[in-house]
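Handing you a structure now.
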Amino acid sequence: MKMTVYLAGEIHTNWRNELKEKVEALQLPLDFVGPMEDHERSDNIGEEILGSQPSSILKDASASSVNNLRTELLMKKSDLIIALFGEKYKQWNTAMDASAAVSLGKPLILIRPQELHHPLKELSRKANVTVESVNQALKVLSYIFD
Amino acid sequence: MKMTVYLAGEIHTNWRNELKEKVEALQLPLDFVGPMEDHERSDNIGEEILGSQPSSILKDASASSVNNLRTELLMKKSDLIIALFGEKYKQWNTAMDASAAVSLGKPLILIRPQELHHPLKELSRKANVTVESVNQALKVLSYIFD
Amino acid sequence: MKMTVYLAGEIHTNWRNELKEKVEALQLPLDFVGPMEDHERSDNIGEEILGSQPSSILKDASASSVNNLRTELLMKKSDLIIALFGEKYKQWNTAMDASAAVSLGKPLILIRPQELHHPLKELSRKANVTVESVNQALKVLSYIFD
Amino acid sequence: MKMTVYLAGEIHTNWRNELKEKVEALQLPLDFVGPMEDHERSDNIGEEILGSQPSSILKDASASSVNNLRTELLMKKSDLIIALFGEKYKQWNTAMDASAAVSLGKPLILIRPQELHHPLKELSRKANVTVESVNQALKVLSYIFD
Amino acid sequence: MKMTVYLAGEIHTNWRNELKEKVEALQLPLDFVGPMEDHERSDNIGEEILGSQPSSILKDASASSVNNLRTELLMKKSDLIIALFGEKYKQWNTAMDASAAVSLGKPLILIRPQELHHPLKELSRKANVTVESVNQALKVLSYIFD
Amino acid sequence: MKMTVYLAGEIHTNWRNELKEKVEALQLPLDFVGPMEDHERSDNIGEEILGSQPSSILKDASASSVNNLRTELLMKKSDLIIALFGEKYKQWNTAMDASAAVSLGKPLILIRPQELHHPLKELSRKANVTVESVNQALKVLSYIFD
Amino acid sequence: MKMTVYLAGEIHTNWRNELKEKVEALQLPLDFVGPMEDHERSDNIGEEILGSQPSSILKDASASSVNNLRTELLMKKSDLIIALFGEKYKQWNTAMDASAAVSLGKPLILIRPQELHHPLKELSRKANVTVESVNQALKVLSYIFD
Amino acid sequence: MKMTVYLAGEIHTNWRNELKEKVEALQLPLDFVGPMEDHERSDNIGEEILGSQPSSILKDASASSVNNLRTELLMKKSDLIIALFGEKYKQWNTAMDASAAVSLGKPLILIRPQELHHPLKELSRKANVTVESVNQALKVLSYIFD
C-alpha cells in the first residue's frame, strides 16, 4: 500500500530532503510532494506565466493564484500532511495549509520547536500528532507500516 | 504521480492537440480527456443511439443526455479542469462545465482572450488561475511538477 | 414549511417582480433572494468598497469578488434556484450559477425562450424542470405546495 | 433572512464592537459570534474547568481543547466568517480559522492592513473578499442585503 | 424540537390521513409532506404547465420532471422518510424514493404487508425499521419523543 | 483510463454476458461487476454462511444482509451503473440500486423496454440516459471513449 | 443562538437531570435530547411495536432497529454530543455513539472517571474535550456562551 | 479488482493470521491492514517517539495520538472493515472503530460470539453483516468475488 505525503511549511532549510533520504533508507512505501521550494520562483511565478504585472499587488495576486492551485491539487492527491513550523517568519501559509488539511479530512503531523508550543497550541490540538523534530515524524511514518 | 486533466470548452480550433503535444514534449505525467470534438456527431449522438427522433427538440434532448453522461463521468475521473473560451459562440456548456468543476472541488484553469475579461469576471474569480493562452496554461501545468 | 428561492439570471427585465407579485397573490410560503439587480452598481461595487482602482481589470476583479460572495452566501441559504435566460447578452454568470446550483444539490428550474433550446440543451438536461415563461415557473412553484 | 457571522482574529482591539454597533445602526439582520475575547481567560480556561495542571504544556493543551470546541461549534452555526489580522503577533489561530472556514465551504471576508499584503497573499486569494478596514467589511455586509 | 416527515409510497388508500390524524391526537411535533396524491394530476402535471405535448412519451417526460423536483425538494427538507408499499402495482417510485432517502442519510421507516417480505428483503434491510401497519409506524414516531 | 461498470438488475437472462462480449470485441477499457447471478444461491447465502435459520423471515434477513454488503461494496468501487428492467417480476432491487447510484453521484444508464415507459418515468428522468436495448447501452459506452 | 445537545451514555444514574437543572439555572440557551432512559422499555421496544418475537435474538434485533433510528435522528438534529461513561457495564453503545458523533462532524465532550483513562485513551483523544464530572462539562457549555 | 480490508478489534488471539492464510489459499484479491498488534508497543509508542513522559496520563495521551493517526489513515485507504469482539476486555476501541467505519460509509462485517448478542445488538444492527466466526467472515469475503 503506497501512500503520498504532502510536506507543508518552511522552505528555508533542508528538512524535506532529510526526511526523504531517511524514508528511502527505511524503504517505506511513501511518495512526497510539496510546495515550490525555490522561494524567489514562488514569488515570481505569476509574472513568469502572465508577464510583467503593473504593480507589486498584482504580481502577488498572480503568484498566489498559481501557488494555491499547486497546493490544492497536490494536497488532494495526498493521504497525509506533515507541516513544519520553524522559528522565524510569519508562516501563515503553513498554518493555512495545516488547517485546510484537517478540514478536508487528511491526517496531519505537526512538527514545531518546543518554544512555539503556546502560540501553536490550538493548531497542535487539531493535528493528529505533534512532534519536535523530523526524526520523530519519521518514527510516526515508520510505525504506520510496522 | 500521474494526473488526469479534463479539457472543457471550444471545439472549433486545434487547442487540445497543441496542448497535448507540448505536454508530451515536456514529458509531464498527464493524461487528457474531454468532450466529443466532432461537433456534428455530438449533436447527432442521441439519434445515433436511439434512432430517428420525432422532433428537433427530442433529437437535442437525447443528444444532451449522452453528452452530459460523458462529461460527468470523465470530469469525475479528472484531477484538474482546463476550460477555454474562444471569441465566438455562446459557449454556455463551457461556463456550465467550468462552474461544475469548481463546485465539485476540482481545481480550474480558465483560458480566455483579454477581450472577454469583463463578461467572464465572476467565473474568472472562481477559477484558480486565469490565463490568456494555451502556452500560459502549459506553464502552469509544468510548474506543478517542478 | 417556508422555502427560499434564489432567482438567478437576467437583470434587465422585470421578471423577478412579476414572479414575486404572483407568488404573493397565491400566498405561497416563499422568500426570494438574488443578485444585485442594479447593473451599474454591480459593476462598481469593488470601487464603492475599496476606492478607485488603478485599471479596469482591477475594478472588475474587485467587483467580481463581492458579487461572488453575495451569490455564494445567498445560494447556500436557498432551497431552490430559478435561472432565467433572456435572448440577449452572453449571460455566462447565469450558466455559471445554474450549474453551481446543480452541483451543490439544489433543485433547478430553468426558464428560457424556445429559440435558445439548442445552445442550452445540456444545461436544460441538467435542470430539474425547463419552462419557457415566468408563469410556467410559477405553476411549478405552486404545484410543490398543492 | 437572518444570518450569523463568526468574527475570527485579533482580540486586542475593539474592532468587534465597532462592527456590531455599525451593523445595528444599519439594522442589518445579522448575529455575531466569535472567540473568547478575554485573552487571559482563554489561556486559563483549561485550568478553570479541570483544575490546576502539572505543567504549562498541559495547561495549554487543556485550554486549546476547550477553545477549539468553542470555535468549531460556533463556526458551524455561522453563515459567513470575517477574519481580521492586525499588525502584531503571530496570529496563527486567525490563519487556522480562516482556512478552516474556506475548507468547510463558509464564505470568508479577510481584513488586513495593506502592509501585510505579501505574507497573506495566498490566504487573501482563498478569501472571497479582502479589505483593509472594518468599514469596508461593513460595506460588503450591507451590499448582501441591498 | 419539530421534525418533518416525508410520506412516500402508495397514493390509492387513505393511509396518510390516518397517520396524520393519529399523530395530531398524540400531539407529536411533526409536520408531514409527500407526493401529489391526485394520481391523474400527477400524470398530467407536465401538460398542465407546458401545454399539450406531441406524444405520450413527452407527456410522461414532462410530468416526471416536475414530480421529481417536488420529491427532491421536499425530501431534502425532511428529517425522516416513511415509505409504504401496498399489495398492488409496481411501485417503483416508492422503491426509488426509499433508496434515495437511505443514500442521502435520511432515516427510513418501511411499511409493507408481510406477504411482500421476500421481494422487499434487501430494501427492508436498508431501512432503519420495517413494520407492517400504519399503527406500528405511529408507535415508532411516538417512541422518538418519549 | 480504465473504468468499472456495475450491472444492476434482472438476473434471468443472459444480458450481462452479451454486453461483456461486445465490449471485449470493441476493446473498450471496462471492467464489469454485479450482483450474484445465481438466483437460488443469492436467496440461500445467509444460511450458507450462518447455517440453517429458524424461519423463512430470518433466512431472508440473513441473505439480504450479505447481498446488500456485496452491492454496496461493488457499487462504491464503480464509476458507472447500468440498470436493466425486464418485463417480468417486481424488480424492486433494481429500482433500489438504480436510485442509490444516482444519490451517490454515480452516472446511471437505464435499459428498459418501451412498454415500461410509464411506470418508470420518474426513474428514467433521474437516469443520465435511458435506452431500450443492450446494444444501445453499448453504443453509449463506446461513445465515452471516442 | 439556541443549540441542541445529545446526551449519550449511561442510563442508570441521574446525570442528565442534574445537567439539565444546572443549565436551566444558568439560563443557557440549550435543548437536550438523548436515548430512551427506561432501560427495560428500551429492551422491549421491538416487541412493543411488532408484537411478541419468536426468540430473544429477534426481540433484540427489533429493539435495536428502533433504538438506532431514534439515536440517528436525534443526533443529526444536535449541534453537540456529550457522552458519559460510568464505571460499570460494557457501554459499547456509548462508544459507538461517541464515535459516530465525531465521524459525523459533531463536536464531542467526553465525561469519564479518571480510572477509565487508559482504556478510553483513543476515544478521549478523538473527543474535543474530556472531563471527569458533569460539573466540568457544565463549565464547558457555559464557556461557549460567555 | 483488488480491495483492502481493515481488521479492527481484538489483538490477543491469532485471528488475523488465520483469516489472511485462508484468504490466500482461496486466492481472493484482498490486502489487509490493521492496528499495531503488539499491545505493549501500542501502549508505548508515544514515549518511543517523543521520549519519556512526565506522567502515565501524558504517556497515554501521546500513544493514543499516534494510534489514532494510524487507524484513521489505514481505514480511509480501506474498502471494507471487519471488527472482531472477543469475550474479554472492554474493547472500546473496537466499538469506536466499527462505528467510525459505518459513519464514514465503509461497509462493516462484525464478528462476535453469540453470548455478546445482547450488549452488541445496536452495533450489530449498524453492521452490514454479523457473524460468529472468522470462517463465516471468510465466506462473506469469498461471496463478494463469486
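Each chain gets a letter, A, B, C, D, E, F, G and H, in the order it is written, and its residues are counted from 1.
We adopt the following convention: a residue touches a chain if its C-beta (ideal position, glycine included) is under 8 Å from a C-beta of that chain, and two chains touch if they have at least 3 such contacts.
Treat the numbers as computed from the prediction; the structure is a model and nothing was measured.
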Partner chains shared by chain B and chain G (touch criterion as defined above): E, F
Distance from the mean Cα position of chain G to that of chain A, given in whole angstrom: 38
Whole-Å gap between the CA centroids of chain C and chain E: 31
Where chain D touches two or more other chains, by residue: 61, 65, 68
Every chain pair meeting the contact rule: A-B, A-C, A-D, A-H, B-C, B-E, B-F, C-D, C-E, D-G, D-H, E-F, E-G, F-G, F-H, G-H
Touching residues on chain D, where the partner in the complex is chain A: 56-57, 60-61, 63-65, 67-68, 71, 90-93, 95-100, 102-104, 117-126
List of chain F residues in touch with chain G within their complex: 54-55, 58
Contact footprint of chain A on chain B as seen in their complex: 1, 3, 79-80, 105, 107, 109, 128-132, 136, 139-140, 143-144, 146
Complex contacts: residues of chain C adjacent to chain D: 4, 31, 33, 36, 41, 45, 48-50, 65-66, 68-70, 72-74, 76-77
